[in-house]
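Next come the structures, one after another.
Presented sequentially are two complexes of chain A, the first with chain B as partner and the second with chain C.
Coming up: the complex of A and B.
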């Protein structure tokens, strides 16, 4: 039966190349946009080096204090994590590191701007960086405040023209560091581990950060198993309620351990930033609404084109109805035809989106990005195409099936 | 004739409703892009109020200071030391031969840090404005045209009321047509103030600047109020950066020299130099990038609609060839048949545009923040432009199919299968 439908579909599509072309154009463009967005989201959110163990990770990226008249939003402070986030149940490893800061290096007349992260030793055990040269610095290096640094490949390119950099020194923000390792680039949409080079926390120009509750630091906990994640979140939230805040004008501190998606959701519009609860579901709802808004126009367009095509085939439908084809068969036939068409358009969109993504990667629009169509994105693309095919096929199919045989044979409905 | 047309459209209401919805959606998409684009170009034609030629900004980073509410004495002492260091930095910068003028500031043009504030006037009106706090010479660094009065100077040291600079828009809002220079802003002071709050002080206007559109030429003009930043007194305001204007001919190689000189004065502070040119580009792309992405998407959507509508009209013309043939046989000219197809298109577009105007007409009634409110003229122009564009688009879609209808000889049309 399905084979029969498909043969029919191809025959119909070939008969009116103009309609087929405009349908395919609309479908492939719509799916192209959705696929590019999906591939970008996948690149930002899916587990991959250096966050391969992301499914066991929870992080505190933002911290907020609220009072009756005041709100203060920033990162957490070093002391908040050092004093209160250690020894959480189920945590295999906790790392505390700075959010990135911009620093300048001068090579003769040339200025090189880099994003720098100051980290502890555990950072290198929680995140699995790929080392091209050397190795990470250890906790001992951090404790002794040694001026050592791990560069990314792109930074080695800029500072040492791509030559092996191990043991060489460079200056940044008036401090001199010795290179102990070089790692593969991290795209800057991987906001948590991204930086151009990494140095020990203790190389900060002043140690005032050690006494801060708010400002400049991120903590990431690697749980033993995924089952430990809720426990970690709850325990830290409970500990936060017991902290006496240094500033009396604030009464609550919201800094929950969250997955990456929930962290991003917390910054999105409509999120309840005062609540330590997960904000992910709200963002999902928002994204679904936006996607539906975006596909409204393409759907209406495709429905209109489809109805035109049906009316054109009115006499065929009339004959089939006159010979007793049930409504169900006709609806199924048309929906299958439409899904087949959207899958075809989807395939076209997929090929086009590969080109668009490559252009995006080369434009440097997002630093060090490597957007690709992987198996996961492909699966989403197929789902999107089928969904779009169903949405835009059902109404025209219903219209078609309702045609009365006599009218249909006459060449379409009078009204 | 019109009634007849409407009846013809009504007879095919289901399909025409879907077409009208499609045209309505296209109108909304076009409207959004045109509104944003038009608003940017209107804003870009207004005065900026400063000139960033040869200006650099040195972002000053310092270690966190003790919390004032936790340990007041320590916080005060640390603040005094910071101010002293800042003064030394400013003196060091001014002594460098490559620097023409230098000033301290809270924020500067094209920098992301901005401060919005508001004041309540004695007559109960509330005015929101963009706030900044700058040292003497700031207006000279940015060659800011001063409409009336003067910039900040040492004359203001002993003033009883806080000296402020305001822009023309704020001056007009507060003082109307009266000369604002030397006047105190008629603020309503809160009588039930808590003792912990900072004392409320009078603000006296010392000068009126043309404007200070911190976020660049695409941003909405808004009221601006600038306070005087002082490093020699307590509560003189927090400086975040030093802005400098270089002597002509100074190259980028001066940058490391400057940073090393400043670093000598404050070893545990950080300095981040950016050229205004670079900051400007980045700020402008914050506005232009989203618009470009939106415009590209809208362009493709409209191309899709154009093709789709053409296909649909074509199909319906072919389906109605017999009807047209009959009209031709009864003596109607090819032109009048063509006119009928185009007029049907125009009537549907009119319905769609009316619905669209009704929808977007709700926007001005939404409680939007003041800097998002788009002036009525721009709003009306955007509606008119997008309506015109939609008429052009739908009529273009009807052009070829209607020609087909008009060209077909009546005899052939009547027996067309």
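Coming up: the complex of A and C.
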């Protein structure tokens, strides 16, 4: 039966090359956009170095203090995490590090702008960076405020023309650091671990950060198991309610430990930033609605093309009905034919998206991005194509399959 | 085999009501070969469509092989059409995108059987109508007579008890028409297939056992 459907699909596609071209363009362009977005989302969200263990990670990236008249949003402060996030149940390791800051580095007379992150020693145990040279600095280096640094490969390229950098020094923000390690680049789409180089927290010019509850720091907890995640969340939220806030105009502090997806969701429209509850489901709903809106126009277009195509086949429908095809079999036939068509469009879209992603990588639009069509993105692409085929195929198929045989044999529905 | 009682078929639009058939009563016995004659527009094809369950009467009862058909659902009607009835149309209605072999297999697609079995039956049906050498041709590569023989092979491939032929020789020259009639008579005599044939041609009608005549939607004899 499938062979018969395939024969029909190919024959129908060959019958009207113009219709086929319009259909394939619509399908492949729609799927191209969806696949590029999927590949970007995969690159930003899927577990990969240095966030290979992200299924066990929870982070506090944003904090919000608010009262009846005031609201203050920023990163959390070092003290908030140092004093209240340690010894949470189920946590294997906790790292506290700064959000990236832009600093100037001088290479002779040339000024290079770089993004720096100040971290503790645990940072290197929570995130699994790929070391190209040397090793991470230790907690002892942090405790002793040693001026050591770990560079990314791109920074080594800029500062040392790609030559081995171990033991060499460079100046940043008026301080001189000695290179102890070089790691593989992190795309800036992965905002939590991303930086151009990393130095100990204690090399900050002032230690005022140690007394701040709001501002400039991120905490990431690596749970022992994924089962520990809810209790880490609950315990920290409970601790936050017991904190005496420094300013009486603020009554509540919201700084929940969240997955990466929930962190992104907290910044999306419709998120309730004053609630410690997870905002991920709202973002998922929003994304599904946007995706549906995006595919509506091409779907309507494909539905119309399909109706025209199927109308041409009214006589065939009549013959099939006359010889015993029940309605559901005909619906299945036309839907399967449409899914073949969308899979073909999907294959074209996949090839095109590989080119688009390569161009995006080369453009430097997102620093150090390496968008690819991996097995996971490919699986999403196939699902998208099948889903698109089903959505755009069912209505025309149902409409034509319910024609009375005598009507179909005469060439279609009477108007 | 086929019983039509008190059949009426009315086509209605917003403004006009057309009575295509009124008070038609026909019994066709098992193994009979009958013809339906009458001038253009008298309701011959409509009657054949009702017998073949391709359309539903406005009034009256349709009985096929002892089963009442009125009110049956899509799946049940499809099953009866698939098992009991074969159709031959004046304009052949072959699927142009499919080969001769694939066209003949169409009725068998809606039965549970293997591809090999389907192919074997289709080849046998094509052999019977003398088209064994044309299995992989497409309809556009055949003459009118050959196309009608493919249509006959398709109609009989599932060994239906009833064959309904709507002016099967109408688009053929006399020689081809005679060939088709010979095939139909052969099926009726050897397989005891019940055949109802709509025709304009009195000579062809004479070759059948009985003729039902229609005039303005009414049965005149």
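The rule we apply is simple: the second predicted complex is superposed on the first by the 415 of 415 C-alpha atoms of A that agree within 3 Å, B and C clash if a C-alpha of one lies under 4 Å from a C-alpha of the other, contacts with A are read in each partner's own complex, and residues count from 1 in each chain.
The definition used in the following text is that contacts are C-beta pairs under 8 Å (C-beta built on N, C-alpha and C of every residue); 3 or more make two chains touch, one makes a residue touch a chain.
Given the structure is predicted, the values throughout are model-derived calculations rather than measurements.
In the superposed model, A:15 lies in contact with chain C only, and not with chain B.
In the superposition on chain A, A:326 contacts chain C only, with no contact to chain B.
Once the two complexes are overlaid on the shared chain, A:135 sits clear of chain B and of chain C alike. Of the two partner chains placed by superposition, A:284 touches none, neither chain B nor chain C.
Of the two partner chains, chain C is the only one that A:316 touches; chain B does not reach it. Shared-chain residue A:7: touches chain C; no touch with chain B.
Of the two partner chains placed by superposition, only chain B is touched by A:33; chain C is not.
In the superposed model, A:406 makes contact with chain C only, not with chain B.
Counting residues of chain A touched by each partner, chain B versus chain C, the larger count belongs to B.
Common to the chain B and chain C contact sets on chain A is no residue at all. For chain C in complex with chain A, the residues that touch the partner chain are 49, 52-56, 74-75, 78-79, 81-83, 86-87, 89, 93-95, 97-98, 102, 105-107, 109-111, 115, 154, 158. Of all residues in chain A, those touching chain C in their complex are 1, 3-4, 7-8, 11-12, 15, 315-316, 318-329, 404-406, 409.
By the touch criterion stated above, chain B contacts chain A in their complex at residues 11-15, 18-19, 21-22, 25-26, 29, 61, 63-65, 67, 69-70, 251-253, 255-256, 259-260, 263, 267-270, 272-273, 297, 300-301, 303-305, 307-312, 315-316, 318-319. Of all the residues in chain A, the ones that touch chain B in their complex are 18-19, 21-22, 25-26, 29-30, 33, 101-104, 106, 108-109, 111, 173-174, 205-206, 208-209, 211-212, 215, 246-249, 296-298, 300-305, 307-309, 311-312, 399, 411-412, 414-415.
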